[in-house]
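Notes for the one structure printed next.
Read from first to last, the chains carry the letters A, B, C and D; within each, the first residue is number 1.
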Amino acid sequence: MGKLKVGVLGATGMVGQIYLRMLDGHPWFEVSAVSGNTTVGRRLAEAYGGRGEVPERLRDLEVLPSDPKRFDVDLVFSCLPTEAARTIEPGFARAGFPVFSDASAHRYQDDVPLMVPEVNPDHLDLIEVQRRRRGWDGFIVTTPNCTTLTFVLPLKPLVDAFGVRHVDVVTMQSISGAGYNGVPSMAILGNVIPYIRGEEEKVSTEPKKILGRLADGRVEPAGFEVDATCTRVPTLVGHLASVSVELGRDFRLEDAVEALSSFEGLPQRLELPTAPRRPIVVMSEPDRPQPRLDAEAGDVRGMPVFVGRLRKGARERTIRFVSLSNNLVRGAAGIAILTAELAHATGRLV
Amino acid sequence: MGKLKVGVLGATGMVGQIYLRMLDGHPWFEVSAVSGNTTVGRRLAEAYGGRGEVPERLRDLEVLPSDPKRFDVDLVFSCLPTEAARTIEPGFARAGFPVFSDASAHRYQDDVPLMVPEVNPDHLDLIEVQRRRRGWDGFIVTTPNCTTLTFVLPLKPLVDAFGVRHVDVVTMQSISGAGYNGVPSMAILGNVIPYIRGEEEKVSTEPKKILGRLADGRVEPAGFEVDATCTRVPTLVGHLASVSVELGRDFRLEDAVEALSSFEGLPQRLELPTAPRRPIVVMSEPDRPQPRLDAEAGDVRGMPVFVGRLRKGARERTIRFVSLSNNLVRGAAGIAILTAELAHATGRLV
Amino acid sequence: MGKLKVGVLGATGMVGQIYLRMLDGHPWFEVSAVSGNTTVGRRLAEAYGGRGEVPERLRDLEVLPSDPKRFDVDLVFSCLPTEAARTIEPGFARAGFPVFSDASAHRYQDDVPLMVPEVNPDHLDLIEVQRRRRGWDGFIVTTPNCTTLTFVLPLKPLVDAFGVRHVDVVTMQSISGAGYNGVPSMAILGNVIPYIRGEEEKVSTEPKKILGRLADGRVEPAGFEVDATCTRVPTLVGHLASVSVELGRDFRLEDAVEALSSFEGLPQRLELPTAPRRPIVVMSEPDRPQPRLDAEAGDVRGMPVFVGRLRKGARERTIRFVSLSNNLVRGAAGIAILTAELAHATGRLV
Amino acid sequence: MGKLKVGVLGATGMVGQIYLRMLDGHPWFEVSAVSGNTTVGRRLAEAYGGRGEVPERLRDLEVLPSDPKRFDVDLVFSCLPTEAARTIEPGFARAGFPVFSDASAHRYQDDVPLMVPEVNPDHLDLIEVQRRRRGWDGFIVTTPNCTTLTFVLPLKPLVDAFGVRHVDVVTMQSISGAGYNGVPSMAILGNVIPYIRGEEEKVSTEPKKILGRLADGRVEPAGFEVDATCTRVPTLVGHLASVSVELGRDFRLEDAVEALSSFEGLPQRLELPTAPRRPIVVMSEPDRPQPRLDAEAGDVRGMPVFVGRLRKGARERTIRFVSLSNNLVRGAAGIAILTAELAHATGRLV
């Protein structure tokens, strides 16, 4: 059987480039169509200008408009900007395409799965609800905000082992999280900006859906609250977070460490191509993880979440740690690919 | 009456330079002796090399060894490294000098005041306890770790108005906090280091002493706990903190804002020369304070603590904010000078 | 006699802000009108948002459109973008206003003076040529590209003392030179970009006009060529240049040092308010000037050009040095103000 | 035939780490002994602490003192500091080891080859002169300063095609060039330092030896002079240089481009394992090469020198360009490995 043909919508941005790299040589998927905005009609290599590398095989691909009629593929990945995603993604889904999207446009809709494959693989069942309700042949599956990823993955084994009552997260996010032109150098060189518009709302809301329980075709949000302070720091790639979690019951620190470091999800058990062997890597060095040293690490580069500085807080039942994820890989392209792999492996791409 | 003559111990480092600048033209104090370590015997201007500017009047001052016999002054400021401070400062105090020290060597001793002049001016009464107990003519007064300052000052009006039960602080500290040679550029360029050796212990301990109650010649520590995560970021000057405080009772946000922005301490009422008109400046812009924009601001440059992003947390009785202080000024030289001014204005330097 | 009333066109950008600061308390000029683009009709303080400080006195000034009918002033400074300057500045000149402009739009026109007040004060005589030829009541006077400044000022005493045959300049320019949004942080963090569009042409052309000889109502360009490589580096303010100059004759290094360090121009002899005592400050430390340490230095902050590392090259008659100027002050607002002061002191603003 | 066993002297620093990575899986060489300074007796993995990764196979290797008696290997690579190299390297050579050294200690001695394998492969003949003169069984071969590399490789085809009369080079060097602790972050963050002690002398002297002619057992230095200004900029890896070369005769730009881009040396013809297919990669994008984008590029990562912005200067016979090399790979570990490969392939390691 041949590979599935995939399209990448919005392929000419920073995340688009990660898709192209990660799908280059992928055992199941093969990029065969890409769309852009300002560069429609040009060769993909030109569309990139000097800002990155395009796999040899794809350099001559024509940049298409984001129009389903122009796409002859089995599924599409979308890293479109929010506004564009709002109309274009449903167009593709209606036209029969499975859409795996990094955009926030549809994340919060009841019948749209918000996926972290290791955390809530069963939420893919919402696909059927969505299709039925909307009468679509295709569907939309979404992935979380890149910052949500940094701590929601480590929350999962804690929820399973001890329960979670409250999460306090302070993030230090890299400039790539805002897109290539998102942060002027005059704003951030030698500086920290203690605010990112709209981010704290996403980061507070999404974990409750992701860790929620699917029953009767809908997700019951998890019962804890998230307080977040999101800041921008002058790092290139990798979102770092200091996290404090009030657990549901008393705990021994070594049990928490064990729960985190031994955690595996369905992607690991299915040995999906883009699944790291360990989704959570616990570091014992006192000063790790660090964005510049660890954001590109891992057996599948950029896919594990690195956790360090595990310790008890002064308040009862509280665990504190620092976690890091690659916002372009685990936080965007990589998680969408992993989600599509999960959908494929569980028979949802037929 | 002439000015008091002051010595600066360890004058040739980064903080020493701030002392020289802040004392240049001071109405009460006049630098007349300085000590260094590797540059003893050289002119002060030479000792600095190209790393900073020395006020014209002091360029030819000879760098002395840190030996009380060589100092003919009314008081000394010390920004010696911890180990040096451990023996040198008591030597000066024993020899009759009032010592105002930024070093951590003596901060935690029962009879040594740990001062934030706006917060605990009465703790200067420990001077008498110290003198009596140790049989010294002089004394040692200390100021807190530069990171403690960032949040302990805003805690004061919250303690007064609502009580405080717990503090969670995540800091983003500038490289100058580690001294000129403290952080190699290879370690921090484009990076965040989520750990600073020894810092979290200081930051957790000091606020309890500073906000403690002095009674019967000893300080009863305040009754809350502090959880801290201290990180290093690539900023030059200014420590930023994201703070979450569980108050003692329910509160209205506007009352907390009012308590912070209207706060004044004894230094303000006494109109001490180095006291900013407002020790806490509340900013209403959503993305402030920022280290590069605000660390050098204020009517007395670098002396106010800037507070922004005031909001309620998801947990009951919890207030969240971001605060910034200049670690070299308010966190080191400035606070020691302000403390000495307070001691002088309250008749303790006679 | 009261102060002259001045308008600032394009007052809401980075350079505009420097104008407001430098004109605050100016002995001859007083800002009484400002224009902006996207913020017309708002108060000046609002127009700035959080990006800078507006002098108290000007906070409530209304931002006007760049329309001469709305300006009741004696002269205008313009830091408009090139395209806007192309039509707006002649409109003001035609309407009778003296226009002092940082923009490149009119710099290269035969009858428009391109001024460095210490270098070519007599070029202001072109004003009369311009008025006659164009039939304007007002006039346009321009100042050079901010990078040209970095080395054209040190060239002047070398031209006078030894003659100059060729200049080779390699620049390391700060991000502020491109405007607040000019350089994305993703492009420059931890990087150098060895190209700035259009810059090398300006830098190669302008010195020949500035150092040219005015005769019979036109400027005969100077007879040397300039080779330039312009690069962008992650510094905030201050353009640094490594310069190699082939002089007209053999020379002793100490004579060149003396020529540079003792240089004064007409602004110094006239003691113009914004003239630094020494326009060229020669530094003897081996590793200076440095952008972060020296760009804001000087008796008139940011106005001197700092020169260091003076030495002979391996080729005959060649002198090498490093120079630094503040691109926002000496390279933009400061030089335009100094030029207007010169025009005023020489009776050209009547 | 088995692999040659190699030792790495000074293996626990930044360059040492590159050796370990580049020799991991090398077809001819196999690391079997390493020395360090402060970490003697520890496991190699521990010696690194968190500052880098050690190939799995080498993690348990014991760190030895730099004593030839402890080394049972066929050759050694040395990245010792200069002072240590001065005595330790001759000790190894005397004891019979071929020593390939990045240190500057012996570079300028008449009978020590200073190698760029693509440029002066015949200089390896000095080995025999050295052995004879010194009575050693082993020998010392050196590689140039990392900055010299950046422009000496592009000089070679220009020398061959047109002759070279003079070179003017202005460098922008990364912080890794000074070692992990070499540049304090307080010195370089948001700054440029226009001076690097001792660097300009090396950069001016070495190209004349490298491009000199070997005859009668000695190197006749090349007949051009090099003027250099060396600066430090806040980049992590990769030294960038702006170069202006006066050629020996008039030239067409396209001929120079062709000479550079088609250049191959003996390592390419011998297909040595660490030789990039093209030692000089000419880039046509106007704003390349850039350190962050290109320092790790190439078919053999970090081994090509990237050249861009090729153009004629204003002076006769002058060509200008920008070049970039990876100071840790092509400028240190990589070039020493390539030199050892060349020695091996030409029968000098028997």
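Quick note on the criterion: a residue touches a chain if its C-beta (ideal position, glycine included) is under 8 Å from a C-beta of that chain, and two chains touch if they have at least 3 such contacts.
As the structure is a computational prediction, the values presented were derived from the model and not from experiment.
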Quiz item: Computing the C-alpha centre of each chain, which chain sits at the greatest distance from chain A?
Solution: C
Exercise. Among the listed pairs A-D, A-C or A-B, choose the one whose interface is a repeat of C-D, with over half of the contact pairs the same by residue number.
Key: A-B
Exercise. Give, as an integer number of Å, the spacing between the C-alpha centres of chain D and chain B.
Key: 48
Quiz item: Once you find the CA centre of chain A and the CA centre of chain B, what distance in Å lies between them?
Solution: 42
Quiz item: How many angstrom lie between the CA centroids of chain B and chain C, rounded to a whole number?
Solution: 41
Self-check item: Multi-partner residues of chain A (each touching 2 or more other chains)
Solution: 189-190, 234, 236, 287-288, 293
Practice problem: Between the chains shown, work out who touches whom and classify the graph as line, ring, star, complete or other. | Solution: complete
Self-check item: Of chain B, residues touching chain D in the complex
Solution: 14, 175-176, 180-190, 234, 236
Exercise. In the complex, go through chain C and note every residue touching chain B.
Key: 49-50, 189-190, 285, 287-288, 293
Quiz item: Contact residues on chain C for chain D in the complex?
Solution: 166, 168, 170, 172, 189-195, 197, 204, 225-227, 229, 231, 233-236, 240, 242, 244, 286-293, 308-309, 313-315, 318, 320, 322
